[in-house]
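The data blocks that follow each hold one structure.
Note that chain A is present in both complexes that follow, paired respectively with chain B and with chain C.
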Partner chain A sequence: MRRLIFILPALTLVALIVVFPAVETVRGGLWSWDGLEMTEFAGFENYAELFGSRSFINPARFPTRIPPWGALVHNLVWVVVFIPLTALLGLFLAVLFREVKGGSMLKSMIFLGMVVPLVVGGMMIRFMFDGRAGIVNALLRTVGLDSLARTWTAYPDTALPSVILGSVWIWTGFAMIIYSAGLELIPKDLYESASVDGASTWRTFRRITIPMVKPATLIVVIMNLIYVLRIFDIVYVATRGGPGGASTVLALQGYFYAFQYHEFGMASAVFTFLTIMAAAISVFLVRRVR
Partner chain B sequence: MKKPAWLVPIALVLVISMIVVGCPPDGVEPEPELTVYTLWTPEAELEAFNAVLAEFEQQSGIQVTHTPVDTDTMLVTFPTAFAAGTTPADVVLAPFPAWIVGLSDHLLPVDALLNKAEFAAVHLSPVTSAGQLYGIPFKMAGKPGFWYKPSFFATHDLTPPDTYAEFVDLLAALDDIPTLEAAIASGNGVGWPLSDQTEGFIIGLGGYQLQLDLIEGTVAWTDEAVRVDVFGPLVELLEAGYFSVPAEWGAQVEQLDNEVYGMMWMGDWIVGMVEDPEDIAFFPFPQTDGVVGAIDYAIIPAYTDWPDEAQQLVSFLATREAQEIWAGLGGYLAPNTAVPLDIYPVAAQSVAEFMLTVTVVPDLDDTIGGAFQITFWDQLKLLWVAPGQVDDVLEEIQQEAP
Partner chain C sequence: MMRKPRIILYAVAWLIGLLWVLPFLGVFVSSLRPFREVVDGWWRLEEFTLTLDAFIRAWNHPSAPVGPALLNSVYIAVPATLLTIMFASLAAYAFARFKFRLKSPLFFLLILIMAMPGQSIIIPLFAYMVDLGLLDTRLGLILVHTAWGIPWAVLFLRNFFLSVPIDLEESARVDGASDLTVFRRIVLPIALPAIVSIAVLQFVWVWNDFLFALILIQSPGKKVITQTIPMIQGRFDIPWSVLSAASVLSMIVPLLIFVFLQRYYIKGVMAGAIKG
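Here is the complex of A and B:
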């Protein structure tokens, strides 16, 4: 009883801040709305409209033509491109800086990207890929690729890649820190034994490092997965999902439904779908690794 | 250290008692204090509106706090607050008629707070719902045409065009100036700079009635009058490279000032943004018969704690007296027709004078709002970099049109 009394404030807060809004969101997706009021039970009508809309999946353009491919496809592109890139780059940097003098300082510098608010990150991506002042275009011009130098976020074929690549730059610090912690847990004698047995650096990395950082990889993949499925801030600031919906994502679509179109039923359907999808993929990954 | 469980309820009782004691005792009425939300964050606009509020405070004795917010904060905060039966502000000034009408169930009617004879019907109808008025027109932003630096035009022996053919010749002449990146600066950011520019073409090439028909939904975006007559010439100019790639509109104004671009379509507030307000002028779209006048409306949320005082303020804002204060300071056009022209500073006066010679129509996307506005903005961004996709763009816009 005494335990219950002590846990009650926390439970009350969780119920009010997490459970109640979540239940209301699920309920909202199943009802018709008139402005700010739920009017009548609509079953899966909102979901049917969502799944049938071109802004959700655009089969006329995906995969044969340039974006827009629909928010769901764009989210999946994020998953396929962003997660492997950040994980590989993070692992590479963690291994590299473990061996380098002053590695801790370098790691801190790369980790700085993580402490930048995502809204600022979105602004930085806009400037990085700006045709006139962006560092990316300056580099392209330096190496003679002038034809690629333009405002990447303004064009439908480069808007999505630019926000993904910009986010990789911002978010790699997270993967690097997790992998650094994972690397510290690998017993040194494993490497010593490998060295005595004459194993090459690559073989040691493949047979010892990669299997031993599997738990860290799981954390990186799941955290990044949750990050990319709910990605909003960076896209909103960098491109607003444009041009022509070429870089829009589900969370942004949900935001527009709710606060620009005032279609709260559709917004609830988007966010419910997003939550179920993230939960299902995360559970699948955790079980698979076990 | 183990603490007895009975301390928890006692602590709760103490906290509740402190909250109750902190509340004002019965019978003591707190002083009314109004909070006003606007989108006027630039310093000049902020100071000008504060001058209007200062006059109201002096006359009424009611204290007013002015809170400038950004567009997204305004669009997101109020619908959610209204759903909870509250409001963060007692009076709001917003340039979104469709948004206002959509929220009209949560607003107080303001019919009795203004002299309707002093306002054009075209400015009242967008915020009228079920026969009741929900916003009073306080500030009008004129979007009269292309702004340019007269000194730059003089240096290069250029003159503002009178016909569309002369306009195209001017673009070609600007294109030949090697120091210019493009003849016309294209603004970006939220999306309205491109829609303002496009509305200029709609009214200029299709007439003001076409703008009204598109707002009403009686003409489709895929109709020949729009696709061929308006977007045909626009696409030709886009394909010729006369427009820059869209970039942050504030930075583009700066680049116009730096003579990186020859001209830019913008509202009259540009005068307050350039280095030398004497060296900025506009020319309207050649032979246009209309112009967009975008209105900021004052609205009163129904959940205000001070309805009488809020009505007093809104009633004041509708008067010639209140609107003259800002008109005299510049960067402002008064929707109250009783405000005389000679009160404006020179730059604003030329805009006001031009707007008297043509038909003033509402801003197209602000009036329709909702999904249309977001789609319109986003599709125009696409059109600007991929003009060949004009048919797809117009179809997408039509999907969300009224």
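Here is the complex of A and C:
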């Protein structure tokens, strides 16, 4: 009984501040609200309204016209672009930096983005993609791509790409250090026998490195999926989801529903959706921990 | 295994590294130069003035003063880190060493929470904080950060405890030491490196958090550092120098922690990812 002292404080706090509110969010998605009060059970009305809303999915614009495509679609675009890009870049950098002296210094430089507040990351995205003051546009002009040089965060067709690419810049450090650790686990003799067989660098990479870092890839994909569910700070600061919702994401859209439009039912529905996605992902996590 | 000339490899690696930190360099340079010199590109050197003006203006910003905000962030992050360590280390020890009912479902719950975005809880949290009178109080935000940090810290420390041989604890128990004594005298000292990892990561996470602070803290005098950055806006132009100075000030603490405690930091990130 005295052993309860060990778990009770932690569990109480987590139950009151995390579990109970999470359950309430799910319940809130099924009720009509008046201000901050749930008034009556509404079934799936909030969800019907949400799925019919253009800020959630916009079939009139996706995929034939430029964004806004709706927050859900934007998150999916994020998954499709951000996850493969960070994984490939992370693996590439991990392999490259293992081969050069000062590799750990270089790794720290790439990792910096993971250490600083994401609001600063968002500010930097805005800064580097700015039409006048931004380094990205200066580089684009230098290589003759003047047509692409402008304030990316201010145009509906480039706002989403700018926050996604900026996020890749911030977040690749994570994939890189996971892959770096994964590479250390590959037995050296595998590479030795490959080089005895005269295998090319590319072939060795494809046949040995990629299959051997599969566990690392799984971690990178899972953790980055979790990250994509959470994207908020960066977009809030870089574009506020704009222009005209062209770069909004679920977490931000839900925030606007709740704290700008005071539509707490809709917001709860969005957040429940995110929670269910997180629960699905956590099933994979559990398998890893056990 | 690489047969390409080394020199190319080095050049490519360092070129990528330098390109990668270019935006950081831009922010540092812009924070030290006047607006008119950076608005057409911080890399231009036709005119070059070094000044701390932007820092002074960010520090005393009329609507988003960075100086007090830094202190407010300390007031939140220090207690939220200490409380998390206290609660999580106790619970983690129980998960590693004791048998109790509902252990596996509780364990699953902790993992589920780790995957959840903060958005899963903010609406009811906001409502309850209003009811409890904890909205716009430091205590409210500290408690939320503590609870939010516990699941991850418990899993991390549990894995650490499981990797420690149990012999020492058992012989102490044979000598009549209570669970709490064993925990305090034997387990905690051994776990110190793991606890440092947790402290480092939790502190940086709380410091960097924007969402919970945005929802729960409203008084201008209590706002934390991450809240001030989106509030720094110009009337016509974006004040890049002042914004950069504010960003630099907000980054200093996490950057110093990363530079000096990198080993613990990376260990925490890795363990958080690999072991769960």
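Going forward, the second predicted complex is superposed on the first by the 273 of 290 C-alpha atoms of A that agree within 3 Å, B and C clash if a C-alpha of one lies under 4 Å from a C-alpha of the other, contacts with A are read in each partner's own complex, and residues count from 1 in each chain.
We adopt the following convention: a residue touches a chain if its C-beta (ideal position, glycine included) is under 8 Å from a C-beta of that chain, and two chains touch if they have at least 3 such contacts.
Being a predicted model, the structure only gives us computed values, none of them experimental.
Peer 1: Superposed on chain A, are chain B and chain C clashing or fitting side by side?
Peer 2: By the criteria stated at the top, chain C and chain B clash after superposition.
Peer 1: In the overlay, answer first, second, both or neither for which of chain B and chain C A:Leu16 touches.
Peer 2: A:Leu16 contacts chain C only, not chain B.
Peer 1: Taking the superposition on A as described, I'd like to know which of chain B and chain C A:Phe6 touches: first, second, both or neither.
Peer 2: After superposing on A, A:Phe6 lies in contact with both chain B and chain C.
Peer 1: Looking at the overlay, does A:Pro156 come into contact with chain B only (first), chain C only (second), both, or neither?
Peer 2: After superposition on chain A, A:Pro156 lies in contact with chain B alone.
Peer 1: For A:His262 in the superposed arrangement: first (chain B), second (chain C), both or neither?
Peer 2: first
Peer 1: Could you tell me if A:Leu274 is touching chain B, chain C, both of them or neither one (first, second, both, neither)?
Peer 2: second
Peer 1: Go through the superposed model and pick first if A:Pro243 touches only chain B, second if only chain C, both, or neither.
Peer 2: First partner only, chain B.
Peer 1: With both structures fitted on chain A, tell me whether chain B or chain C touches more of chain A's residues.
Peer 2: On the superposition, C touches more of the residues of chain A.
Peer 1: Just to be sure I read the superposition right, which of the two partners does A:Leu106 touch: chain B = first, chain C = second, or both, or neither?
Peer 2: In the superposition, A:Leu106 touches chain C alone.
Peer 1: First (chain B), second (chain C), both or neither: which does A:Leu36 touch?
Peer 2: Both partners, chain B and chain C.
Peer 1: Please identify the positions on chain A that touch both chain B and chain C, taking each partner from its own complex.
Peer 2: Overlap of chain B and chain C footprints on chain A: residues 2, 5-6, 36, 126, 130, 132, 259.
Peer 1: Can you tell me which positions in chain A touch chain B when the two form their complex?
Peer 2: Listed in rising order, the residues are 1-2, 5-6, 35-36, 126, 130-132, 150-151, 154-156, 240-246, 256, 259-263.
Peer 1: Which of the residues in chain B end up touching chain A in this complex?
Peer 2: 5, 8, 72, 75-76, 79, 82-83, 102-103, 105-106, 181, 188, 190-191, 245-248, 370-371, 373-374, 377-379, 381-382, 384-386, 389, 393, 396
Peer 1: Okay, in this complex, where on chain A does chain C touch?
Peer 2: 2-3, 5-7, 9-11, 13-14, 16-22, 24-25, 28, 36, 93, 96-97, 99-103, 105-106, 108-112, 114-120, 122-124, 126-128, 130, 132-133, 135, 138, 169, 174, 177-178, 181, 191, 194-195, 201, 204, 219, 223, 226, 229-230, 232-233, 236-237, 251, 254-255, 258-259, 264, 267-268, 270-272, 274-275, 278-279, 281-282, 285-286, 288-289
Peer 1: So in the complex, which bits of chain C are touching chain A?
Peer 2: Contacts found on chain C: 1-4, 9-10, 12-14, 16-17, 20-24, 26-27, 30, 38-43, 86-88, 90-91, 93-95, 98, 100, 106-128, 130, 143-144, 146-148, 150-151, 154-155, 178-180, 183, 204, 207-208, 210-211, 215, 225-226, 229-230, 238, 240, 243-244, 247, 250-251, 254-255, 257-258, 262, 265-266, 269-270, 273-276.
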